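The structure that follows is given in the form of structure tokens.
Lettered A, B, C, D, E and F in written order, each chain numbered from 1.
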Amino acid sequence: MWSKNIVNFIGCDSEYEEADIVLYGAPFDSTTSFRPGARFGCQAVRAESFGLETYSPYQEKELTDGKVFDSGDPELPMGSTEESLRMIEERCAAILADGKLPFLIGGEHLVTLGAVRAAQKKYPDLAIIHLDAHADLREDYLGVKLSHACVMRRCWELVGDGSIWQLGIRSGDREEFRWAGEGHVQMSPFGLQDAKAAAEEFKGRPVYLTLDLDVLDPSVFPGTGTPEAGGVTFSELLLALLEICGNAQIVGCDAVELSPHYDASGVSTATAGKVIRELLIALANKRN
Amino acid sequence: MWSKNIVNFIGCDSEYEEADIVLYGAPFDSTTSFRPGARFGCQAVRAESFGLETYSPYQEKELTDGKVFDSGDPELPMGSTEESLRMIEERCAAILADGKLPFLIGGEHLVTLGAVRAAQKKYPDLAIIHLDAHADLREDYLGVKLSHACVMRRCWELVGDGSIWQLGIRSGDREEFRWAGEGHVQMSPFGLQDAKAAAEEFKGRPVYLTLDLDVLDPSVFPGTGTPEAGGVTFSELLLALLEICGNAQIVGCDAVELSPHYDASGVSTATAGKVIRELLIALANKRN
Amino acid sequence: MWSKNIVNFIGCDSEYEEADIVLYGAPFDSTTSFRPGARFGCQAVRAESFGLETYSPYQEKELTDGKVFDSGDPELPMGSTEESLRMIEERCAAILADGKLPFLIGGEHLVTLGAVRAAQKKYPDLAIIHLDAHADLREDYLGVKLSHACVMRRCWELVGDGSIWQLGIRSGDREEFRWAGEGHVQMSPFGLQDAKAAAEEFKGRPVYLTLDLDVLDPSVFPGTGTPEAGGVTFSELLLALLEICGNAQIVGCDAVELSPHYDASGVSTATAGKVIRELLIALANKRN
Amino acid sequence: MWSKNIVNFIGCDSEYEEADIVLYGAPFDSTTSFRPGARFGCQAVRAESFGLETYSPYQEKELTDGKVFDSGDPELPMGSTEESLRMIEERCAAILADGKLPFLIGGEHLVTLGAVRAAQKKYPDLAIIHLDAHADLREDYLGVKLSHACVMRRCWELVGDGSIWQLGIRSGDREEFRWAGEGHVQMSPFGLQDAKAAAEEFKGRPVYLTLDLDVLDPSVFPGTGTPEAGGVTFSELLLALLEICGNAQIVGCDAVELSPHYDASGVSTATAGKVIRELLIALANKRN
Amino acid sequence: MWSKNIVNFIGCDSEYEEADIVLYGAPFDSTTSFRPGARFGCQAVRAESFGLETYSPYQEKELTDGKVFDSGDPELPMGSTEESLRMIEERCAAILADGKLPFLIGGEHLVTLGAVRAAQKKYPDLAIIHLDAHADLREDYLGVKLSHACVMRRCWELVGDGSIWQLGIRSGDREEFRWAGEGHVQMSPFGLQDAKAAAEEFKGRPVYLTLDLDVLDPSVFPGTGTPEAGGVTFSELLLALLEICGNAQIVGCDAVELSPHYDASGVSTATAGKVIRELLIALANKRN
Amino acid sequence: MWSKNIVNFIGCDSEYEEADIVLYGAPFDSTTSFRPGARFGCQAVRAESFGLETYSPYQEKELTDGKVFDSGDPELPMGSTEESLRMIEERCAAILADGKLPFLIGGEHLVTLGAVRAAQKKYPDLAIIHLDAHADLREDYLGVKLSHACVMRRCWELVGDGSIWQLGIRSGDREEFRWAGEGHVQMSPFGLQDAKAAAEEFKGRPVYLTLDLDVLDPSVFPGTGTPEAGGVTFSELLLALLEICGNAQIVGCDAVELSPHYDASGVSTATAGKVIRELLIALANKRN
């Protein structure tokens, strides 16, 4: 009768041992240059997930039919970026070692680097599909290399040319676009129309899917540190994600940059939760 | 010279006796399961209506050319659902008895049940057109039958099979969608493209129109208790409402689930007010 | 390694079996007449408790030296007051039956009635010390008897004359003050200077302590549904609580009416958490 | 049965003809130099007054035992200061002509000038008691003479030396303090301890009481355009107001500078309402 | 080493003498009839511009390649409309006299009148392209002629028939639409599809471009005093502006009606900044 | 005529060369463990300082009579604590080298370490007076030594036993209070009554004054990351600061931990500005 007080993402009630997918959070935003707060994203989306149904009328499937365990968050030391990344990598590696799919909820985008480090160690030919408003391809930011603004450049150093496809990008400095144009990464700016092409390009390779939720238009997702007008709608994002999950072999996944306090209406958190629900159902379905 | 301090919806300055349409509010949200606040909807939309014009460039008509009386709100006892519904039914029945069209502003969606009870007593063959993000077809919610999540099921018990058309639905549990699929109600999920078809289906029958404003996308209507990404735009809603009002014989109407405090920008309240203005102009025009 | 994601009040990490005090929440606000939101109080104060230390420099004691278990919240059905009170009573009775002290976090003030019902069944000579801005002594509110505005009148029906001492009251209707003046309850308005006197008055009787946090001045506790200027400071409240805990035999306790969304600064939630920490330390110390 | 939708200040339900006191609002803030929004004060305090009781435990009297009529607000043209002042003066003069006490709710502080113009015409020997954080004694502000920052200087031009007592002042420029020090006005800075002295000083003269609510400490009244730390508590203000009402012959009164949107918690509006309730009860009691 | 603390719009670091474009702000909103706050627009958009990149992936150009000087804001006297307009006109005239393009950031829409007065004096055959949700064509507003609701009527008095093209209008009273229909101005309601046509219509004439940002849908731009549902998307606005800048000879420009405090998420300010960046790049490119 | 757009703290318009006091900001909060946002403090307090007068009625002196230069903020790299501290130290050392008093506005409290490093190098016998709600004496926080929660421990490592006096402390873990009790630092908990004693204790030694603004009660200063109920009033703080400035030889100073976004009312920022104004006037007066 006396269970403790548990706040999981709704419907993620599997035990760890039997789970196919394992959620984990990374409440970290120490390198955010403009407006912090992404550290609150993972706990907010869990708490607010209880306003969601577990059934998807889009996919006509139930989240509770999948087997998802929510492992909570490691306690990350703000102010120590490298140690925080090490703890994220450790959690991700342990999940991968048990043959489960790690699903990370941020936190700022730099947390992806911890997860990609683990995934790339297990899958040396890892490819990455990246949905985002921002290119995140800087060599450094004010001299700092471990910054959210550099995360895809750091990932590229791990996976190399021809292994990253960026979708929806609509912001960056001139140098980032120039460097991308040299062919190090594939970039489809502004929209997600190439989502299926990206999935098919990496057919046969294990794929890490990193979703910076600010790829959504700020009208539907204002709760983020650096909102960029001109983004995609929820329906466009949902379609792209279902195409990616349906056509690529996803071995790891994240959804980052929800900064819930910037949107007092709660819409951003509810929308992030709905996106995560749809991703979990789509991924669980692939594993069965 | 010394009238009292009156806060009506803008342009609704007719006397009761000469009015064709009578506004009334239902400041009630006791059964809201997730985030309360819809009780503040009716007063907020009146106060903020003074930021609107009374002229519609869409219909090229004036609200003040119609005859609308705003009768204010009954004082509903929070914590007593049945008594609150009884008071709403009483108000609606009195308006109907005088040959006028009752227009209810919520409050949570359960308030519709009071109005539909009155309308169905006067019009035994009543049909219902229902615009909403949520199916609201549960048999009960945590054991409670008089809940916002069950309101359309309770309405169905009054009007029976073949009498409800739901538009825009994008959330519900698996059982609600299964039950709807058995044919008890007609459901057009996700969009409003079947609005005209619904109006024509019920041609010759008196129609109650219930509008849960959360059918709108949360980008334009964040001020609601349970925002659901993937909704319709204002323009799509306006078009659907004009098609319904133009093709169906509306005998009662409501607009519910504005929860103004969740949207500090005031956009949700302003948008609700604009929708109500357009509905009032369209309905007043039909009566003349 | 893989514990689930748990959000307890900070430092309340005992197992149930060994605990002296058991926390439980009641996320209920259906009868709130003015501004709802107290349902969010218990979860908010847990989540934000991690901004607190577990050490009290006031009492020079550690919360973790006590044995407190946080049992989470029952899932209360909004819209069904009687069923919600039954579930609260059941939880409280079970804790009392195991010889532990139940500590309830609201929720609106009506939830106290569920706990007092359980406590009075176990302790027929129960007395109540009540700190509040509002008298809560109405016979009914808009015809509803189970209302937050009537909760102390309902409690009085259980414990009878001479068993309730009210402190800090500064709001009520004329009839409530008149009725109190007849001697049914002892009322010390405006301040808490009689806290020790109340504790000593009930020496030898089991005492239920109910703390409506709006007894605090709204300057330090704005996050509540019905803020009343002219309240007490945190230091005055702390002193009174320590005097009560030190001089009375507390057998049950609650802290209610935190409505966190009305105070975006988080101060109200942080202050509620600090008050609860001090109460827990004081009560745990008495049990040891 | 079908009254219009009326939003008066709670308990102010007398008819005009029989009223002793007449409320009127001035939703004007065009000259505010720093942060506008006081225009919303009068409507907000009416709407939120329904969270108050009509009974005062401080004075042990009922508001509804007095006879107060709420006449609503004139529609003031933003951008035309002189015309707005003319309309305020006209309303105040009409109330005075009928032998009633005009009670103005702002709006910014400049609106007081309209009322004082009317009162000084009827009572040429008018004195003014002024509670405020700011001296408001500038000759002009950026060249503008009809500015909130100059309102008491403009009033002084009407009533002359020895007719204004300022209480609680804690902000102004060097010149304002120097000019006051020349003896044109009596100034008691920082606190309200001289409230009774001021009332007695003007014994035998008709007194206009102008209360800038920002005399309160921003901790209890943050909802104002120019908050100034170091103000008085609610209890200190209440005591001062009761002493003034009890010892002076008040012929006109106002409470200004509530800017409700700056305090989302609603505490400022609730506190303003409570102050107004206490003033109305005290003034009504004097008239009977 | 010790420069003072400077807050310019990002990338606008040219010296005045070499600049092609000169930014200036007008922190004025005294005539706003509904919700004030546009006075904070110009400073907010500068401060938040540091969340933007200076590179436009839409135009594939750098803002810092242009030569823009940010001259700050004149100190406008709230409460004195005519003096404020005079100061705006003076600033604009000085910039024009030096052969530079003046770019005004509001403030409410009335500030445009100051700039248009200066521009029309230099260019007697000035034409105006006007993007807005509101017609702003009233003869007066509550008797006031210098009101935001009348600004285009006042501009028309300067430039005459056949010189104003309005795009995106979706609100006004019946009289405004009737007057526009008489041919005094060209009005393309609801959308921006005629942007290119407007630019070509005025080919050979100097054009002032006035952008009321509330032409955007409130979903993406809630931070404005009078939000109107049914507006254009960021992408539609960007396309229209690039067509106008590419096909018309712009001699002056403004962007007005950002009221940042109504959108706590910061999205409105960020979007305004992005629109201004794109306009500056497009205009600077034409000048080179 | 064409100066750039400058946002200094009000009244700090001296040139660097002639200044006695130099303001500088440190927009840094990377090590904040609970709620970030202090990075916005220094710019917010400058922008909002224009709601203040430059005259102090408390000290009866003018800020503009002093000679203060506002040098703006270094661009600190979020995510690199050591580099950020190095830049702060560099700025502080340069100011000290020119014989001026450096006045730092935070940012989180860790920024003090940069300034104290510079001050202690110039003044090896430096003493520190520390006003704060929190002891900040941890050896490390989650393994991180350069954390806001450890800043006074790091300072102690520089200045040694008998050189730090802490005032107002009301939060910390058991170990911090124990360690302080060993005599490494002098601690006067809860209140500021020992301010004068501290100043006199260090007579003859150069003193660095570090003011964590959360020593104020959260009622008057809610805009901070970790609000702690039970703090001091503005008047108590002002008195203490004037006693310290009057009796100690201050060689460096800071005011930290304003996190303006947590207090949408603006009161916290206004109060911080007023405290800084009073400090500047008191310090400038000592230098002349």
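Methods note: a contact is a pair of C-beta atoms (placed from the backbone, for glycine too) under 8 Å apart; a residue touches a chain by one contact, two chains touch by 3 or more.
Because the structure is predicted, anything quoted here is derived from the model rather than measured.
Matched by residue number, over half of the contacts between the chains of A-C recur in the interface of B-D, chosen from B-D, A-E or D-E.
Chain pairs B-D and A-B differ in how many C-beta pairs they share in contact, with the greater number at A-B. A separation of 38 Å divides the Cα centre of chain D from that of chain F. Counting only residues that touch two or more partner chains, chain B has 217, 219-220, 263-264.
Only residues 1-8, 16, 43, 46-47, 69-73, 94, 264 of chain E touch chain F when the two sit together in their complex. Residues 34-35, 169-174, 177, 189-190, 217-220, 222-223, 226-230, 262-264 of chain C are the ones that touch chain D when the two sit in their complex. Touching chain F in their complex are the following residues of chain C: 50-55, 57-58, 60, 62, 217, 219-220, 234-235, 238, 263-267, 270-271, 274-275.
Residues of chain B that touch chain C in their complex: 29-33, 36-37, 39, 75-81, 83, 141-144, 146-147, 261.
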